[in-house]
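Think of it as A, B, C and D in the order they're written, each chain with its own count starting at 1.
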Amino acid sequence: MKFTKLATIALTTMAVSAPVVADLVFPSLSYRTGPYASGGAPYADGYADYFTLLNERDGGIGGVKTAVPECETGYNTAKGVECYEATKGDGALTYQPLSTGITYQLIPKTMADDIPLMTQGYGRTSGANGKVFSHVFNFPANYWSGASRIINRIKEENSGSAEGRNIALVYHNSGYGKEPITTLKALADKEGFNLTLIPVDHPGQEQKSQWLQIRRERPDNIILYGWGVMNQVALKEAANIRYPMDQMFGIWWSGTDNDALEGMGSHGYKAATFHNVGSDFPVYADIQKFVVDAGLAAGDGSNVGTVLYNRGMYSAMLAASGAAKAQEIHGVKDITSGMMRDGLEALDVTDALMAAAGMPEFGPEFTVSCSNHGGPGDVGIQQWDANDRQWKLIGGFEAPDTKLINQLIKVDSEAYAAENNITPRDC
Amino acid sequence: MFYRESGDFKKTYQKDNQTFPIKFDRWRYYFVMLVAFIVVPMFLTDYMANAVMTPFLVWAIAALGLNILVGYTGQLSLGTGGFMAVGAYATYKLMTAFPGMDMVSVVLLSGLITAVVGALFGLPSLRIKGFYLAVATLAAQFFLVWLLNKVPWFYNYSASGQISAPQREMFGVIITGPHATPVAGYLFCLVFAVGLAWVARNLTRGRLGRSWMAIRDMDIAAEIIGVNPLAAKLSAFAVSSFFVGIAGSLFFSVYLGAAEVTEAFGISVSFAVLFMVIIGGLGSIFGSFIGAAFMVLMPVLLKNILVGGMGWPTDLAAHFEFIIVGGLILIFLIVEPHGLAQMARVLKEKLRLWPFPH
Amino acid sequence: MSADFLYIIEVILNGLMAGVMYSLVALGFVLIFKASGIFNYAQGVMALFAALTLVGIQTGQIPFSHLINAIFGTNMHHFGWQVPTIIAILLTVGVMVLFAIIVERYILHHLVNQEPIILFMATIGLAYFMEGFGDIMWGSDIKTLDVGLPSGGSLWLEEYTLGWAAEGENYYGMYLDKLDMVASLVAIVLVVSLTIFSQYTKTGRALRAVADDHQAALSVGISLRTIWVIVWSIAGFVALVAGIMWGAKSGVQFSLSLIALKALPVLMLGGFTSIPGAIIGGLIIGVGEKLFEYSIGPLIGGATENWFAYVLALMFLVFRPQGLFGEKIIERV
Amino acid sequence: MSEPLQQMEAASKLLELKNIDLSFGGVKAISNISFDVMEGEVRAIIGPNGAGKSSLLNVINGFYHPQQGEIWFDGKQRHAMKPYQIAYQGIARTFQNIALFKGMTVLDNIMTGRFTHMHKNMFWQALWKGPAEKEEIENREFVEHIIDFLEIQAIRKTPVGRLPYGLQKRVELGRALAAQPKMLLLDEPMAGMNVEEKEDMCRFILDVNDTFGTTIVLIEHDMGVVMDIADRVVVLDYGRKIGDGTPDVVRNDQTVIDAYLGVSH
C-alpha cells in the first residue's frame, strides 16, 4: 500500500528532523500565514525575541538556555493540534497558541499532559478559575474584564453612569467574538444600558449593512471585538460614516497598529489594553543590541515596539518569570512542565520584578493563586493619536467589576466541570 | 507471474463478485488489516496517533462519504464541512444529553441525523446540476455553520460557542476526552473506517450502487430503466452524509476533543475533502483512503522536512507548503486525471501481464 | 417621505453598489468559463496576486526579499523608489499577461479535453500555488493600496437629502460610499469596453466563436491556445480591477482571495456564461442580501449575508433551473 | 411475415395512443396522432428526419408529456407518469445515440437493466451477505442468459466505453432485455451499422420477439429492414400520421411515396 510507504518516509524524516532538545523549551504556535497572519507575525516575533534576549544577555533562565521552536498553525485548530503533538514531546514547558479556537482544543489536552497553557488576554475566560482549570493561566486580564473595563470607562466619561445609553457590540462571529456577550448582557441589566449585538462573519471584508445599521441607530458607544481584516474595515467604515471615534472602544485585539493606520480617520479611537504601549522601555535597548543588531531577530525587526510585538514579548516575559519561579520553588534548574505549572501558580508579578526585567510599569502588578489563575483583571485604556501615529495610554490599569465577573466565571467553569466530570480542586 | 487470475477459477457467481478477485490482493488485504489492527497500535506514538493516523482515518471516512456522492453519483458537493459540523454537534448534544449512551451508538446516531439533514439539502439536486449544484451546496455549508453558531442550544449556552467532548469509555477503555489514550482513539476510528469502507463497497456493488452510477453516467437513460432519480440522488446524499456525519462526529469527539463551528468546519474543509476524493480517484474506495493519506501526510511531511530538516523559517515553509501542494495537485491532474487509484490500477494491469509485455 | 422609506432606499442603493463589487469578481469567472468551460476557482487568488503585485511595484518592494534574506542572510526589503501609479498598473497588467501565458503553456495545454471537474480541481491547485507564491514574492503583511481612489461617504449627497425626511424624524441624510460609486463607474466602463471588444474586434469575434463551439472555431482556423491566453489575460485584468477596488476597501492581504466566495452566488443566479447575467445577478444578490439583513437580520441574530446570498440563488434556481438569462432547457434523448 | 387481419383483431391491444398532441413552446412536434400496438407484434415507425418519430417514443415511455390525448397501456389508461414508473409497467427501450453507462462494465450495465426486478432495501445491501447477495446472484443468472443470447460473453467485464459501436448497440439491447419488458422500444437499432451487423441485429430482434414474446416498437430508416421484419408500419411526416398498415399497404400508399420522394405538400 502506498500509504504505508509514505508513512515510513514521514516517520523517518520526523525521527531525523526532531529538533535539538534544549533545556527550557517554550514552543510558539504561531501563524505567519493565512487570513490572520498580520496579527500573528508580530506577536510571534516578540515572543521569540524575548527568549533570544534572555539567552544572549543572561545566558538563559537561571543559567539554562531557552529554545522557542516555532510551529505554524495558520490559525487553524487541526494544525494547532498537530503542532501541539509535534512539540510536546520535546520537553515543552508551556504553550501560548494566540487563538481562542486552538486554546479550546488544548485545554483538555494540556491538563492530561500536565503542561500549563498560557493565554494572555484571550482563550477561555472561565479558565481563570484555577480550581477547575488547573493548567490554564489567563492572567493578567481576559475578555470579560476587558468588556467590563470599557463599560466602566464609558461610565467615567459620562459622569459615572451608563444608564439609558445605547451601546452596540460589533463582534467577530466566532467563539472569540461571542465571549463578551454574556458579560455585557449582565452588565446591561446592572447598569441599565441597552445592548445591540452586531455580528460580522469571518473574514469581515464586507460590513456595509452593519455600519448602515449603526449609522441609522446612532448608538452612543460602540465596542469592537474584531480580529484581522475585520478591524481595518470596521474602523474605516466607522470613519466613513463619521462616527465619533472617541466613543468607540476596541478590545485589545482590535487595538493594534495594523488597525488604526490610515490617515486621521481613526484619531481618538480607544482600546482596552492590559499592558503598556510604545518602545520607551529599557528592554528595547537590550533587544536592539543583543537581538536585532546581532541578526538574531525572528522577524525583520520592523515590528519591534508595535502593540502585538509588545504583547508577545510581555507573554514571553511572564512565561520566563514563571519558569524562574519554578526553579526557585523546586530548587531545580532544569524544570519540567509540571514544575512550570507550580511556578506559574506561585507567580507574584511586582513592580520590582517588572523593573528588573527592563519593563517598569509595563503591565499591572498581580499575584496568581491556586484558585485564581486570572489575576485581578486590571485593564488600561489606550487611545490612538493619529498626529503622532501612535497609541497613548490614557487611563490607568484599573480593576473591572470583579464581583460580577467572578460570578460569571464561577457559573461557566462549574458547567464545564460538570460536563467533563472534573472535581474542582480544594483551595 | 504471481499476480494474475489465471488458474484461480471462479466456480460460483458469489466468488466472481468478491472484492479482491486476485489471490495476491486478498493476501495483501489480510496483511494490511493485520498491520492496521495489531502492528500499528504497538508502535504508535502520541504524535503519530494524534497528528497523523487518527486524522487520516477520519478524513478517509469523510472522503469515502463524499466519493459516494461525487464519484459514484456524480453530484458535486461543497457542503461537506457543514455536514461534518452537523455530525459533530449531534455528537455533542447526544453525549451531554445522554451521558450513559455508549460511543458507538452516539456516533451512528450522529451519522443518521446528518443523513437526514443531508437528504434535505440534497433536494435541489433534482433540479440543479453540475457546478450550479456545487455552488448550491455551499448554501448548506454556510447556512448550517451559521445556524450552529447562532442558536445557543446547540452548544449548551456556553459563553463562546465552543463545544468540548466529555470523557466516555468503552469496555473500560477511555475513548474520548483528555485522558483517552491515542491508541484507543486510533482503534476506535479504525473500526469505523474499516466497517464503513466495507459498507461502501457493498452498497456500490449492488443495486443501489448501480442506480447511483447510472444516474452519474446518463441520468435520462437511468430513469427510463426504472431508476427513480429522486430516490437515487437522495439516497446518495443521505448515505454520503451519513459517512460525513460520522467523520464529523469522530473529528470532534476523538480527534480534536473540542471544536468551534466557524473555524473547524469552514469552507476549507469542504475543499480539502473534495481534493482527497479527486486526487485519490473518483469512484474508488481505495482512492478515498490514499487521497486522505496524501492530503494529511503531505503537509506534515513537508513541514517536517522544511522546518525540522532544513531549518527554514516557519512562514517560508508554510508558503512553500502551499506552492508544493498546489503544484503536486496540478502535476497529478496532468499526469493522471483519474487519480492515484487509477495509477494503482494501471500498475496492476501491468503487473498482471508481467513478465510478458503483451 | 418617511425616514423608514428613505432607509430602505438607502439600503437598496448600497446593495446595488455592493452588487457591483461582486459582479466585478464574477466577471472574471464568466470570461474564462465562457471561453474554455473552466470554472476558475483561482479568480479570487488572481485578484489578490494582482493587487499584491501592484502594491509591490508601486512601493518599490524587492520581490522574494524574504526568501533572499533567509537564504543569504541579507536584510533588504525595498529598492527605495516609488513607481507612479499608472506605470505600476501597466506593469501589473504585464505580469498578469505573463501569468496567463504560463498558465496556458504549463497547465491548460496539458489538460485539454479533460472533464470539467478535473479542470476545476486544477484551478484549485493553481489557487493554492499562487497563494503561496504571492506570499513568498511580496510577503504576507497587510499592505495599503493607494491609487488615489476616494473614500468615505459622500457629504454632498448627505446634505442634499437631509431635508427629505418628514419633519421631526431622525434622519441623517442618505449615505453612499464614494469608493463604491467609483467602482460602479469602473464596472460600467469595463463591461462596455468588454462588449465593444467582443463585438467589434476580430479577436473578440474569435472569442465568441470559441465560446459557441470549440470544434467549429478550430475548424475555421482560430488558434485555441492564443484565445486561451487572451482570455486569461483579460480575466487577469478584471482580477486586477477587482483587486484594486476591494484592496482599497480593506487593504491588500490574504483575505482578499476570499472574495471569490462572494461571486459564486452571483454566478449561480446569472449563469456561468452570461456577462449581463453576472451584472444583473450581482445587483440582485447585493440588494437581496442587504435588504434581508436590514429587515429580517436583526430578528434572527444577524450575520446572515454569507448564507443568504447562496440561499437566494438556490431558491431562484430551483424554480428556474436555466438561470436568469438561459432559455428553457428541453432535454433530448 | 404479415398475418391475417382477423388474427390481429383477436390479439389484445397492448398500447393505444389516441389523438396525441405534443408541442414545445409553440412548435408542434406531434399533432393528433393515434395508433395501436398489438401484443406480440413488431411495429415499425418510419418517416423522414424531423417527422416526430423519436418524440413519439419519448411520449410512449413517459419522457415527454403530451398536451392532448390519451395513452392506454395494458388495458388501463395512463395518466401523467414519470419515466421510471413506466419502466415498472414493463416498457424498456434503446436509444438513437447510444445511452450506455460509460463508467460501468458490460455486466454492470445489463445488471442495471434488472433494476425493476430487485427489491432488497438499503440495509440488506449494506450487509451484502444474506438476502442481498442471494438476490444479486439470482439476477446475475438471468443476466448471464442474456449475455449468452447476445453472444457477448467475452466482453462481460469490459468497461463499455472501450467497445466498438456495434457491440455497444448490442449491450444496450441487452440492458433493455434484462428488464423482461412487455414492450420494447428500439430507436434506430441499426443506425450506423454495416450489413453484417445489421443482419445480426435483425436476427436478435426477431429472436427476442419469438423466444420472449416481447412486443417490439422500432424506428428504422432502412426500408428494406423495416419491410422484412415489421408486422405493421406507421408512417409519420411533419408530426402527422400519413400512413398505417402492413408493409405491403404502406409501400403502395401514394401519400407515403410522396413524402419519401419529397413531393411538395
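Heads up, the rule we're going with is that contacts are C-beta pairs under 8 Å (C-beta built on N, C-alpha and C of every residue); 3 or more make two chains touch, one makes a residue touch a chain.
Everything numeric in this text was worked out from a predicted model, so none of it was measured.
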Centre-most chain [mean C-alpha coordinates]: B
Between B-C and B-D, the pair joined by more C-beta contacts: B-C
Longest centre-to-centre distance from chain C, chain (CA-based): D
Chain centre separation in whole Å, for chain D relative to chain B (CA means): 41
Rounded Å distance between chain B and chain C, as computed from the means of their C-alpha atoms: 33
Cα-centroid distance, chain C relative to chain D, in whole angstrom: 50
Chain centre separation in whole Å, for chain C relative to chain A (CA means): 35
For chain B, residues that touch 2 or more chains besides their own: 146, 220-221, 224, 313, 315, 318-319, 322
Junction residues of chain A, two or more chains touched: 32-33, 37, 41, 173, 201
Two or more partner chains touched - positions in chain D: 63, 95, 99
Residue numbers on chain C that touch chain A, as the complex places them: 7, 10-11, 14, 18, 21, 69, 73, 75, 77, 135, 140-142, 144, 151-153, 170, 172, 175, 177, 246, 249-251, 253-256, 258-259, 262, 289-290, 293-294, 297-298, 301-303, 305-306
Touch list for chain D against partner chain B, complex: 61, 63, 82-84, 86-88, 92-93, 95, 99-104, 108, 111-116, 118, 120, 122, 125-128, 132-133, 135-137, 140-141, 175, 179
Chain C contact footprint on chain A (complex, rising order): 32-35, 37-38, 41, 173, 197-201, 203-206, 208-210, 212-213, 215-216, 218, 228-229, 232-233, 236, 239-242, 258, 261-262, 295, 300
Chain B residues within the chain D interface of the complex: 12-14, 17, 199, 202-203, 205-208, 210-211, 213-214, 216-218, 220-229, 235, 239, 283
Residue ranges of chain B touching chain A (in the complex, touch as defined): 28, 32, 35, 45-48, 50-52, 55-56, 96, 146, 149, 156, 158-162, 164, 166-167, 177-179, 255-260, 262-264, 266, 268, 289-290, 293-294, 297, 300-301, 303-305, 307-309, 313-315, 317-319, 322, 340, 344
